[in-house]
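Each of the two complexes below includes chain A, the first together with chain B, the second together with chain C.
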Partner chain A sequence: MTMPTPYFPPLSAARLLSTAVLGFVLLMVFGYLAPKWMISLATLALANGLVSLGILIMMRSGVVPFGQGLVFAAGGYAAALAFKYFGVRDALLLCMLGGMTGLLVAAPFAPLLARYRGIFFAMLSLSLSMVLYGILMKTDALGGSDGFNVSRPTLLGMTAPEQRPEMLLWGVTAFFTCVLATLVRLYCNSSRGLLSLSVRENELRVEYLGSSVVNIVAWNYVMAAFLGGVGGVLSVLALGHIEPNFAYWTTSGEFVFVAILAGQHSVLAVLASSFVLELVRSFSSAYFPNTWQFALGLFLLLVIRFLPEGLGSLMHWRQKSARN
Partner chain B sequence: MNLLLTILFDGITYASWLFVVALGLTLVFGVLKILNIAHGSFYAVGAYAGASLVGWVLSMKVSPALGVVALVMAAVGVAALVAPLTERGLLRMFYGRDEVLLVLVTYALFLMLEDVMKMIWGVNPYYVSDTYQAFGNIELGGLSYVGYDILLIGVAVVCGLITWWVLNHTRKGKIVTAVIHSPEVASSMGVKVSRIYTGAFTAGVFLAAVGGALTAPMISVQPGLSVGVIITSFAVVIIGGLGSIEGAAIGALVVGLARAASVHIWPPAELFSIYVVMATILVFKPEGLFQRTQARKI
Partner chain C sequence: MNTHTPGTPVLSAQGLQRTFGAVVAAADVNIDIQSGERLCLIGSNGAGKTTFVNMITGYLKPSAGRILLAGEDITQRSPREITHRGVARSFQIPQLYLQLTVLDNMLAALHANRGSRHFFSAAHDPQSVAASREILRRFGLENLADRLVRELPGGVRKLLDIAMALTGQPRLLLLDEPTSGVSADEKFSTMDTVIQAIESGPEQVSVIFVEHDMDIVRRYATRVVAFYSGRVIADGQAESVITDPQVQQHVTGLSSQPLGAHA
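Now for the complex of A and B:
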């Protein structure tokens, strides 16, 4: 059995824009109503979700990168270093810097990686992230294996409110999530985005039709890298700390698992799955401190068993029911 | 010259147990088409079971050298218990699903086994170095080599030869090859494919467990063993080419020598030398050293 084609239903630009604005407003309202721990958890979940959104783009072209830790760490370290050594404290600037660093780090490798498929693509991308991990571990100037701390960012000259300091970063995270998710949704239904699906189905046909498969996969990888870099910055700012584990293969693996857990039916499903996974992890470690990995593994198995097309298939099912 | 010999011996020793583990991984992939992330957990379970059994055997005041028998028996026990349970109880439910989903299933299993091991063996390290020291040292060319390391190299050669011989020169092996090429056709010819799957998976788990058990006397057995091993084993089979025994052997040697060279020449590179080598090989041989390039579909 193969996965069904992840074709997103068409959505007008106006409707997409209004959905993004509504999403941002709802996220801000959620921020004001939810307890502090929930906001911290949701900030991390959305940051990781952005990296997984990049993986969704890659998966639509038939490849699964197991080394997004490369751009996640590159973006995170760039922002953390700019914060520590150059006094760049603005969260928006840091996110853009992280995203661009992720993009620039990935760009030289993109044409090379685009020639690979399947496990070979996964392992080559993984090896790049593990090389960065090794370098970070051994570079004392970057904090070595301990990494280093980063304090609270500012936003357009404003400092975080004393009562709810987490709200500043939450606002920035909500903003970037809504903007980038909207752009990803737009891209997926663009002619180039749809060509990615064709690459997955049959790349030789795409080439017969005059498009360059390598070009499509390489650009998808670069876009995913930007998302990964921004995710890395938001994670660093949320945690207040960065360390080489950002580039470790298990970190990359988790992004892939969120993307697979979500399925390929919707952009929203990826962000929701990231949140669900963080929630399950958080509750498991709180209530089953010695067996939280067992609980997480069991949860994954149950989802795969009963929702083989991912959590997103629940939304897909609702759409199908509505059509019927 | 001495440095070169040391690198060579250290590299081959590291490659020996890694080859045994990677052989299991490549066998399971070859037959069941599953990239088994939980393979690293089976290695760790083998190490724990081996350490426990050796500890128990040595408490009866027998020769520490007999610990090797206990280690192999522990691996047999792990394979007999864990493999059918995993293959029949879990993996069978997901056969025919997307390959990526199967990787996710084994990742979930990997997470669960991490905690199961902590529940059974706790978080304190186990040491069974008596067996490691029991084989003494061997002087060769002015250098001293640990006897247990040489034994390990021998075990790896034997495991490789037996697997190669069974697959290429026995009736069972030919049936397995038929199942690898087409389970449907093999099934229509009367082959019980599900039994072949269970057998191949059990052999794969045994190889992982015996690799873990035999390394137990060389290391401190503690939580976190599986994470490092699985990714290095993946590197080995990718370098060699998935599903190839010769590839796993060459891949293990390449990884072992790269690691040993970095340890002795430039220690900071130890953490990433394997990945640099893997990336370099993949650049020139995109599907590994022993894998034929697949034709693209039209």
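Now for the complex of A and C:
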């Protein structure tokens, strides 16, 4: 299928804001109506989806990182350590702390990584995450290979309700998802977002027109790191546990897969794809306990075969029909 | 807004030399370009035209000599710094963003020129769109603004490539073979469009264009410089350069003597 331009159609600030508010309301309604197991699954899905949103930003500038586990783990560990040793319990604070930690961890490497492309960029980013994995595994003060637990967070001084304790974290997750997804959409519609696409299409022309390709790619990497850090914190709070596997290459690979599954044509598709992947994984392991990886792989193959541009391309079927 | 002191050449190349090992790509090149001039570079392949262009734009540093842009020494400036000082170029093979629309290509060029620093300023703000559409209108491309570049024919891509170079309101525009890939019956109309679009802009733009078609050279160049083996072998009015014996021998391959005539 021939896709339209990957540049997102511009939306007014009012429409973006109303979409974000509506999205938050819908997510909260979903939270009250859905069973507990689905809320837990959805919380993890959105947390992982935020990391994949960062990968979307980078893919739109032509690079694919295979090491977002670096910032996912860095953010998660920062929050978990603050929770355990400094008594920081507020979920909003922890998320901001995790996001900033991811950003600060990634920032020194951004100018270096931004000079590489293709497999070299991917492997360099992967190597950084695996270095962190090795450090975490060997550092007993951080729990070593077992990691350590965290208990329930608070929100603006309030503890989680007894009957629906998962709703506190779900509310925080929904909030950050709506805010960050809106900001990502805004960025994609911005002049720098358009330049990111230009970098992917033709770096030479971007340079000849006077903009720095390295600068654009590096900043995209830093922004993705913030998203990854926030996702890491939400995952830690959802699981109640942090461990070195947050930085492992298979974790990083899953984030990339969600981004590929979603395609580059929609911010919402990234979040939806993360949720779909979690659903498929959960049902596969429940109904095919011995072959769930096979079921998951088959699902992924079918999507790649019939929707090569990702789940987000479904949003353009109507447009394609009109063109034909 | 580019400032230019009257009398000062827009570009002054002084004693430029460039070697690649034992290969001399440019030797003692001295060229001054005045404001509003349309200078054409001619020469066979490997004569040094593209080397000269790349040195002006900063992608090659000369082994010796210097380059002055409106009196400022830009010899060691980076390509982006030179671009921001008012030098723009188009390409023999158009360098476009094929998956984007014509308007998005122009907006991308505009924002790249501005060095966009704001993370959330809209790409499609009304002023940028208006400025982009104005340039497209000058090139006769406004009706194609919403078309994807990958769907466009080669001649239109050429025009868009040049239009993008004008978004930064350069004082010096380098056109690398602007009619290459354009069909023979469209070459003149393409050049007419390009020259008209350049000259109808708010700022005076000096043009350097590389060309192999002598009919185009005769018709559009106010001055011609001929290269051979990295050296300038002729510099002057189009007809006098084209009929220069050295140019005929090394560049055009056309002898002034009729066939069968003996010396």
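Annotations for the structure displayed:
Operating definition for what follows: the second predicted complex is superposed on the first by the 312 of 324 C-alpha atoms of A that agree within 3 Å, B and C clash if a C-alpha of one lies under 4 Å from a C-alpha of the other, contacts with A are read in each partner's own complex, and residues count from 1 in each chain.
Rule of thumb we're sticking to: a contact is a pair of C-beta atoms (placed from the backbone, for glycine too) under 8 Å apart; a residue touches a chain by one contact, two chains touch by 3 or more.
Note that the coordinates shown come from a computational prediction; the quantities given were computed from them, not determined experimentally.
Contacts of A:P308 after superposition on the shared chain: chain B is touched, whereas chain C is not.
Counting residues of chain A touched by each partner, chain B versus chain C, the larger count belongs to B. In the superposition on chain A, A:S18 makes contact with neither chain B nor chain C.
When the shared chain is aligned, chain B comes close enough to touch A:N290, but chain C does not.
Looking at the shared chain after the overlay, A:N202 reaches both chain B and chain C. When both complexes are overlaid on chain A, the residue A:T159 reaches neither chain B nor chain C. Look at A:S127: by the touch rule set out above, it reaches chain B but stays clear of chain C. Once the two complexes are overlaid on chain A, the chain A residues touched by chain B in the first and by chain C in the second are 202, 204-205. By the touch criterion given at the top, residues 35, 90, 93-94, 96-98, 100-101, 104-105, 107-112, 114-116, 118-119, 227, 231, 234-235, 238, 242, 268-276, 278-279, 282-283, 286-288, 296-298 of chain B touch chain A in their complex. Of all the residues in chain A, the ones that touch chain C in their complex are 4-7, 10, 183, 186-187, 189-195, 197-198, 201-202, 204-212, 219. For chain A in complex with chain B, the touching residues are 1-3, 64, 112, 115-116, 119-120, 123-124, 126-128, 130-131, 133-135, 137-138, 202-205, 249-250, 253, 257, 260-261, 290-294, 296-298, 300-301, 304-305, 308.
Here chain C touches chain A in the complex through residues 57, 79-80, 83-84, 88-89, 95-101, 104, 107-109, 111-116, 118-124, 128, 148, 164, 167-168, going by the rule given at the top.
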